[in-house]
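Given below, in the form of structure tokens, are the structures.
Next, two complexes with chain A in common: one pairs it with chain B, the other with chain C.
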Partner chain A sequence: MALYGGARDISMFRRVNRELMGSIISEEVIYYKYNVTTTKTNMYGESVEGRNFADPVMLFALVEVGGTTSPVSDLGVDFSWPLTFKFLRDDLLSKLNEANQGQPFNTYQQPNIQYGASLHPEVGDVINYQNGYWEVDNTNATQFFMGKDPQYPYYDADGDNPLNTGLENFGYNVGIECICHYVPSDRLNIINSRM
Partner chain B sequence: MAKNRKPIPKTQHQLGVEQNVPTYPQYGDPNSFNPNPTTNRALQTSFKGDTVKPFSVGIQDIDEAIFYYFQNVIQPSVIQNGSRLPVPVIYGSPEKWKSYQKDGYYRDQNGRIQAPLIMFKRNSIDKNRQIANKLDANNPQNFGVFNKKYTQRNAYDNFKVLNNRIPQQEYYAVVVPDYLTVTYTCIAFTYYVEQLNKIVEAMEYASDAYWGNPQRYQFKAAINSFGFQTELVENDERVVRSTFDIKINGYIIPEILQKDITAIKKFSNKTKIIFSMETVSDPIFFESNVVGDRIVTETASQKETKNRSTAIG
Partner chain C sequence: MSNIPIWPGSSSFAQVSASYYDLNIWPPPTPFGFYDSDSQFKTDANKVANFCALRLGYPIENVELQDINFWAGFEEATTIYGNELYAFQTRDNYLSLEGAPTSVDVNDDIVTPTFSTIVRLSQQYGEEAGVGGNVAWLKGRLPLIPGQQRYDLAAWAEAEGIVGGIEIKNVYYQSPPAISQLYSPALLTGQGGLGGVPPAGLYGFGYGSATYLMMPTSFTMQNMQAIEMQNQVTLSNYSFNIVDNIISVFPIPGTGVFTDGDGGLDYGIYLVFDFIKIQDRIDAAFANGTNKISNTSNVPYINPTYSKINSIGRAWIFEYTLARAKDALGLVRNKYSSIPIPGSDVTLNGDNLVSSAATERDALITRLREYFDQTSRQALLERRQAESVARVAEINQVPMTIYIG
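So, the complex of A and B:
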């Protein structure tokens, strides 16, 4: 049985992280998740007729800002700005998840809104940050506190782990990183439909 | 004592003249040329006050012909985000400041290049000697000659028609152009293959036509093949491009000092004054009086009047 990294520790880390990201750093991004069922594609695998996104979700994130570059080619001077967005994984779970029960969104500003975006970041999603758009190239969900992911308690066929019981209550999958590249805004055709 | 002079070696020109011996001297020497070439001043006509300028076509005129044809004839466009967008055409590798600061119409707010975009740039120039040749840049031999329609100096008016005067003709001589095959590399850049298809179709249709402004110069263009590049790039946007070469059959008549010095540019035809033969047999014509500085002849009617007055008197 594990000794450290139990539910109480995790709860404290969760609260500290949310306060840090929400009230102190307060870097907000808007996450656009593809609606793959309504976006039509042609035989080349392109959404020429337009892309459909689910309702955008505003999230607090740690933004690792890369340096902008101006690569040159025959077409002229271009622009590139790689960014990495880091989200608290619990923010992306459902509101009904135990981690988000009784966790008001940004306690000091919006006490009536609850955490829980029900969002699964995937390659190809779009993130809006500082009036620019970034497409997700890769996602990393490998930041484990105490080196354990509570989703994998190593049960046997009977649903027990005779060597280490109760592993599902230890460890913490802290965050998800989205490594992104800059996208020209006209490609996405995301426009304000309401203010 | 004879002066011991050092012999002066002959020039290549002198040696060449000595070698030119006609086989049949009675028929003349077809290879003869002036051993002491002098400048023909009749061909050194000034362009001062002339509204016609010496003719010249440069490489930039060929480039402009392509630009004109893209923008005014082909007018490539794509459907993007539900509306038809004209595809901007640029010349490749412009200066950085121009590309980034001035060409904002194909960039987003952060300066990222947006599709669609067509870029072309000159790749190579090959000389084509199959059509015509001026023979020698030091002494051009082949010219195209154009007649000037109207010369103010020697106008053709009714007075001259009455007097049977044929006006002088002015001609402009333009050295035969240097024919070239100019190759351009062209890149069509879009977001989607569907858009690229439309651009390539338009380009293919325009191939083998004469490109350029009809009011200026037109050159025959040929596009033989199209290359496609559709690939995913790590940590960057998907690339959808087509690269093709445009071959232009062009010509240039450069405006350079060497041509200005050696080539004929303007000349006039040979004017003639014709004195026709007139014979007079009537002796009356010669019975004349000198009045001041004029010779006044006595006409027949005057003579008859004089005879009648004498008879009455």
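So, the complex of A and C:
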């Protein structure tokens, strides 16, 4: 059994992250999940009437803003603005996930947990940030506290790990980074219908 | 594991207490439950938890503690206050408490100083001076053998069955008093002098043998001084010394004129001395302390009654609770030097909280001890004396009028 990075510690980390990202930094973005099933494609697998997205989800994020450039090519002058959005992975899990469940405070206060987007970032998704749109080029979810991802306790068929038990309660997969490039809004099927 | 709840902004000590004590639902409101039944403790517990949370930044920031953390600090602060108070009381009164029954209610009793322990502590000096004490002085009688000057006192003690050795306090080996030679020892009625040296004869310095005339006291004193001077000049000096358990007597016994009926030496003479058994002296250090206060750990102070603590004490307890809460919060935030956040990590203020809490706790303890020390019996008497001196000096400022009767 591992010794450090247990569930109580992770609960503390999660809370600090949410306080930091939600109450102190409070940087919000709108995430548009690419909807594969409703997007029509041609024989080459390319979308034909524009891409369809699921309903937007507002998320707290840490945004690493890159510098803007205007590369010149044979097609003319382009515009490039790379951004990296970093999300707390627990915020993207289901509301039913343990990470988004609270415990009653003693016997007289019930928890009030509001997180849980049920969202899996993938290439092609679009993120709205400060009235601009960024398309996800790549995702990176390899930040493990104590080097352990609790999703992999390495149990055998009987649910046992002969060397270490309870590994699912240790370690932390902290966040997901979405590395994006700027996309002009006219290329997307997204209309800002409400302020 | 789902998220561990943290301070939500309010607490209910009564509810947690009821759930634990009535329904046996974990956790208990405080670790030891010393004051859980005290109604004012229950009331103040919620207030002090709120006070601490607000001082720690809530609601602007999260306070990663629960109500039971605050209450644990509250209980500890109250207990430490009692410890400091009763440790001070013990220090101030221990001479009067030592030896008292452990059943006394020292928490509420007023302790009046007594001499009991002082007298007991002084017994050793009386014992050494031979005027009391707790070690018996015993009489020893060592038969003197004609012609033998040296005697082994250790062997004598062993023969007497004394274990652990003896310590000689007095040796009665000295010349006969002059008064015994003032009258003639030859009085046939046996009412003459006490005998002794010099040889029996019609010695009687001035008082005859059968009858005597009452003389002025000054005359008697002169005669006695003359006898003493005579003995000192003409006779052997009575003396002794003791080296390594061997007592040597001077003069050597049997050189005098003590004779038996056959004209031989009188073997019935003894060296008398006072001694104590060394084991007695050691044993005197101990007394049966069963059910009695024998050290500071069994002075029967118990935890204070919270509701009886005044506002001065409670204010100290609140401050100390805050220091404990700050310490606990610092330890929570300081378990890991940095907290991972997406793509980076942050360092929390755990170090500052812990060091700040330690400084505050030390300052509070120092303040409390100084406060108690200023109310010690000695300090109060000194203050009273100073006030008295100051009062007299003040009165002396009043101009003296000339009274014309």
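By definition in this document, the second predicted complex is superposed on the first by the 180 of 195 C-alpha atoms of A that agree within 3 Å, B and C clash if a C-alpha of one lies under 4 Å from a C-alpha of the other, contacts with A are read in each partner's own complex, and residues count from 1 in each chain.
Simple rule for what comes next: a contact is a pair of C-beta atoms (placed from the backbone, for glycine too) under 8 Å apart; a residue touches a chain by one contact, two chains touch by 3 or more.
For clarity, every value in this text was computed on a predicted model and none was experimentally measured.
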First (chain B), second (chain C), both or neither touched by A:50: first
Which of chain B and chain C A:78 touches, first, second, both or neither: first
Which of chain B and chain C A:70 touches, first, second, both or neither: first
Chain A residues touched - chain C or chain B, whichever exceeds: C
Which superposed partner A:42 touches (first chain B, second chain C, both, neither): first
Chain B versus chain C as contact partner of A:134, first or second or both or neither: neither
Chain B partner contacts - residues on chain A that touch it in the complex: 42, 44, 46, 48-50, 70, 72, 74-82, 131-132, 135, 137, 179, 181-187, 189
Chain A partner contacts - residues on chain B that touch it in the complex: 79-82, 90, 92-94, 96, 99-100, 103, 107-115, 117, 119, 121, 187, 189, 191-195, 230, 234-237
Contact footprint of chain C on chain A as seen in their complex: 7-17, 19-21, 23, 61-62, 64, 84, 86-89, 98-109, 111, 113, 143, 145, 169, 172, 174-177
Complex interface listing, chain C residues touching chain A: 1-6, 8, 10-12, 15-16, 19, 25, 27, 61-62, 64, 66-68, 332, 335-336, 339-344, 346, 348
